[in-house]
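Each remark here refers to the structure printed beneath this line.
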Amino acid sequence: MKTKKRKTKNDRVIPGFGLSLGITLTILSFVVLIPLATLVIFTAGMSFPEVIKTITKPRVLASFEVSFLTAFIASVINTVMGIILAWVLVRYDFPFKRLMDGMIELPFALPTAVAGISLTALTSNNGLVGSFFAKFGIKLAYTRVGITIALVFIGIPFVVRTVQPVLEKLDPSYEEAAGVMGADRFTIFCRVIFPEIWPAAITGFGLAVGRCIGEYGSVVFIAGNQPFETEIAPLIIMSKLQEYDYASATAIALAMLIFSFLILFLVSFFQARNSAMIQGRR
Amino acid sequence: MSEEVKSYVELKNINKYYGDYHASRNVSFGIEKGKLVALLGPSGSGKTTILRMIAGLENPDDGEIIIDGQVVNDIHASKRGIGFVFQNYALFRYMTVYENIAFGLRVQKWDNAKIDARVKELVSLIGLDGLDKRYPSQLSGGQRQRVAFARALAPNPHLLLLDEPFAAIDAKVRQELRSWLKSMIEKLGITSIFVTHDQDEAVEVADEIIITNQGRVEQKGTPVEIYRDPQTSFTAQFFGQTFFVENYHDFKSFDTVEGTTNAILRPEFLKLTKKNEEKKYTVTIAEGIVQSVDFRGSNFEITVKYKDNIFIAKRTLDEPPVEVGEEVDIFVYRLLVLDGDKVHLLKNRALNEESVVI
Amino acid sequence: MTEKNESKYVKYLLITISVIFLFFFLVLPLFVVVTEAFKKGVDQYLQAVTDEYTVKAALLTIEATFFAVFINTIFGVFAAWSITKFRFKGKKILTTLIDLPVTVSPIIAGLIYVLTFGRQSILYPLLEKYDIKVVFAVPGIVLATIFVTFPFVSRELIPVLESQGTDEEEAAALMGANGRTIFWKVTFPHIKWAFLYGVVLCATRAMGEFGAVSVLSGHLRGKTNTLPLHVEILFNEFQYMPAFAVSSVLVVMAIILLIIRSVIEYKGKKEEE
């Protein structure tokens, strides 16, 4: 085609395209593509019935249940708390607000193992919090409640950080308009503000669930790792790896990967639909 | 065709696609050395694409771009000897005015003394003496535009390209800047092409106008030529205030063009006279009833109904006033008859002897 | 006004809930780390922190963090540059692939590397021939750390470069500036703060990475042990006090990085204005 002929080296005015894309793809290949390809090749060598058999073993299924259930509950708690925290940080002024805002990042910054052992120490029967609950016969550490606590810790920033910018941008004239029309504060929140922030909250929820399902470091200490009770899916992968049972580890990993991609897909689908809706509204 | 020969910038059958979108359709034109030319068209008409292709910021899929007798398709933008003023100026935000203007010279490895002299010269040319240590964010819109202009001129380009140079400026300052830029470019005598969607701007500033529409060049000519003798219906409507009339055959003392019924008129093509008023021409093409009279600041805009047609005309404040419902005589100097996409200019036969200057 | 009062109650209620929540989930754990670390006095604490294996683990953590930051910074800059300054096909796939590592569980990340470089890998004979050990060795730890922090720099740069557009670069290129000049003189000043922010973010996460590193390390004390892994070993050996002492070092590092990050964020915002 004639059009092809004209596409010569000065196709792009800004220099450095070849070099930068080259370096990008090289590093990407070594860090992501080759390992991913190996995973695919390795998976292709496994028999499908074998994979199904591996992931439907009662102990594995129980670990999925523990992982999903605790991740879900923790993320629900974090969604509620995240909206409250975002609201408090955006709408109110009070002493040490900036410190509080900075603290939200702590779970991102703190090594998960450190979080894990200190939450364990805190909630074990002779810990600061654990001893209080122990009086009533409630165990926190080494139970599913303990896992949930660790996951709440890990997931705090997600919803706060997705809702916060939306609240900041929210035009106060909406609320004023509703207020002028005589709506009370609660109605205003439910009818005017909540519809604006809930897509962000759902996005944050999805991200938190994704992170929590894969979480290992903070959970492994507090979980107690009792098969069928408090054994999480990543831990099973870990122990399969330590037994050099790569096939089983990969099978379980694949199931988890599919699940987290599903969540990711849902989140992005949700975001796309929502932004389309907002743009359509104009 | 002798004009083609001395073109300084020439585009030959340029085609450009963005995916499926045909941004430039067979664009061809030539521009003489020293001319200040406007690329005028509505947004999406492909005018900026043409400018960016001349600059070398985009490449045509097909066709040739010639600058100073040399095909530049394969020559890098920086070697084409052009200066480019971006729509939002693209001043380097983290450099002072001085460093912005000096950038092109530093890249070309001028020695410092020469750079300093050139930058100082340009800073005073654009009237920003004493502001050369400022950053772009500390300047007004007009000042930024001047800096962008100086930066583009610094390496002594032979061709200056400006993309919507006044779009980002307040209406107030815009007027002043237009005349400033026009006189500056005239003073320097540099061949310049600027893109605009504002017809007034094109008319006021440019020596020549190239009208673009849907990726095509509709017409090229001086502002007066385009105004008086539009070749296409698009050009006819793009300039000034226009309105349509049907069945122009009804108008007395006009020839007709085979197979046409509609025509475009401008208020200036019309003369309304009251029944008792003195007329320059005895013939009238029609009699109409005044529908509305609106004060437009310097004149009255009057709509008159004749059969199914509504005419728009102007009357000055000094002329005797007309009133709604009054019967008036309509005289039409000229018509732009619509023949598909083409336009034919028809003059009133009564004007045969006179040459009309509008 | 009643509405004012009502919203005041709501305000104090919500602030109280927030403070209590953060106190239990964020402040108390930190408090526990400090009290447990100093439970047996400053001398014991210092001894635990300056223990030979702790120091070695700290050095390895620094090494892995350094490489992760170094590689991901280079990657981030070039990836952001090519994604934001040029039009090309497959951009969307590229950005998805870049973000992929953080969506994968760290354990799975570790698993993928074991499959790639471990004994059963097709690459293994090649690695063995050149005597390169990746799994249960330092290179594995470094790779895992790079992987889990892979998009951290590029993710900060891309939105900034995107919003800045390409005009300034085009203007510079038109005047004949080469790529290096354009990047350092024109582009870099725009992304300076985002760049530093990304680097700090990357360092923060790299330093604390546990799961992926744990899979690849083999837990050889003094050899393939990073600080977080060392914490795990000590804790599992019921050496609580030393475990918390080492943790406190990580906490201090995390808080310092957090503060640096806030400063960078603040400065960047200020310059914006």
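Going by the order they are written in, the chains are A, B and C; count residues from 1 in each one.
As a convention for this text, a residue touches a chain if its C-beta (ideal position, glycine included) is under 8 Å from a C-beta of that chain, and two chains touch if they have at least 3 such contacts.
Here the structure is a predicted model, which is why all the values come from computation and not from measurement.
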What chain lies farthest away from chain C once each centre is taken as the mean of the Cα atoms? B
With respect to inter-chain C-beta contacts, which pair, B-C or A-B, contains the greater number? B-C
Distance-wise, how many Å sit between the C-alpha centres of chain A and chain C, to the nearest whole number? 16
For chain A and chain B, what's the span in angstrom between their mean Cα positions? 56
Could you check chain A for residues that touch two or more other chains and list them? 13
Out of chain C, which residues touch more than one other chain, so two or more? 170, 173-174, 178
Counting only residues that touch at least two other chains, what does the list for chain B look like? 56-57, 77
In their shared complex, at which residues does chain A touch chain B? 2-3, 6-8, 10-11, 13
Complex interface listing, chain A residues touching chain C: 12-17, 19-21, 23-24, 27-28, 31-36, 38-39, 41-42, 81, 84-85, 87-88, 91-92, 94, 100, 102-115, 117-119, 121-122, 127-129, 149, 152-153, 156, 184-185, 210, 213-217, 221, 234, 237-238, 241, 246, 249-250, 253, 256-257, 260-261, 264
Touching residues (chain side chain C, partner chain A) in the complex: 3, 6-7, 10-11, 14-15, 17-19, 21-22, 24-30, 32-33, 36, 71, 74-75, 78-79, 81-82, 85-86, 88, 94, 97-98, 100-101, 103-108, 110-116, 118, 120-123, 143, 146-147, 150, 166, 169-170, 173-174, 178-179, 182-183, 204-205, 207-211, 214-215, 227-229, 231-232, 235, 240, 243-244, 247, 250-251, 254-255, 257-259, 261-262
Which part of chain B faces chain A closely enough to touch in the complex? 17, 56-57, 59-62, 73-77
Name, in rising order, each residue of chain B that touches chain C in their complex. 55-57, 77-79, 82, 84, 86-88, 90-95, 103-104, 107-108, 151, 155
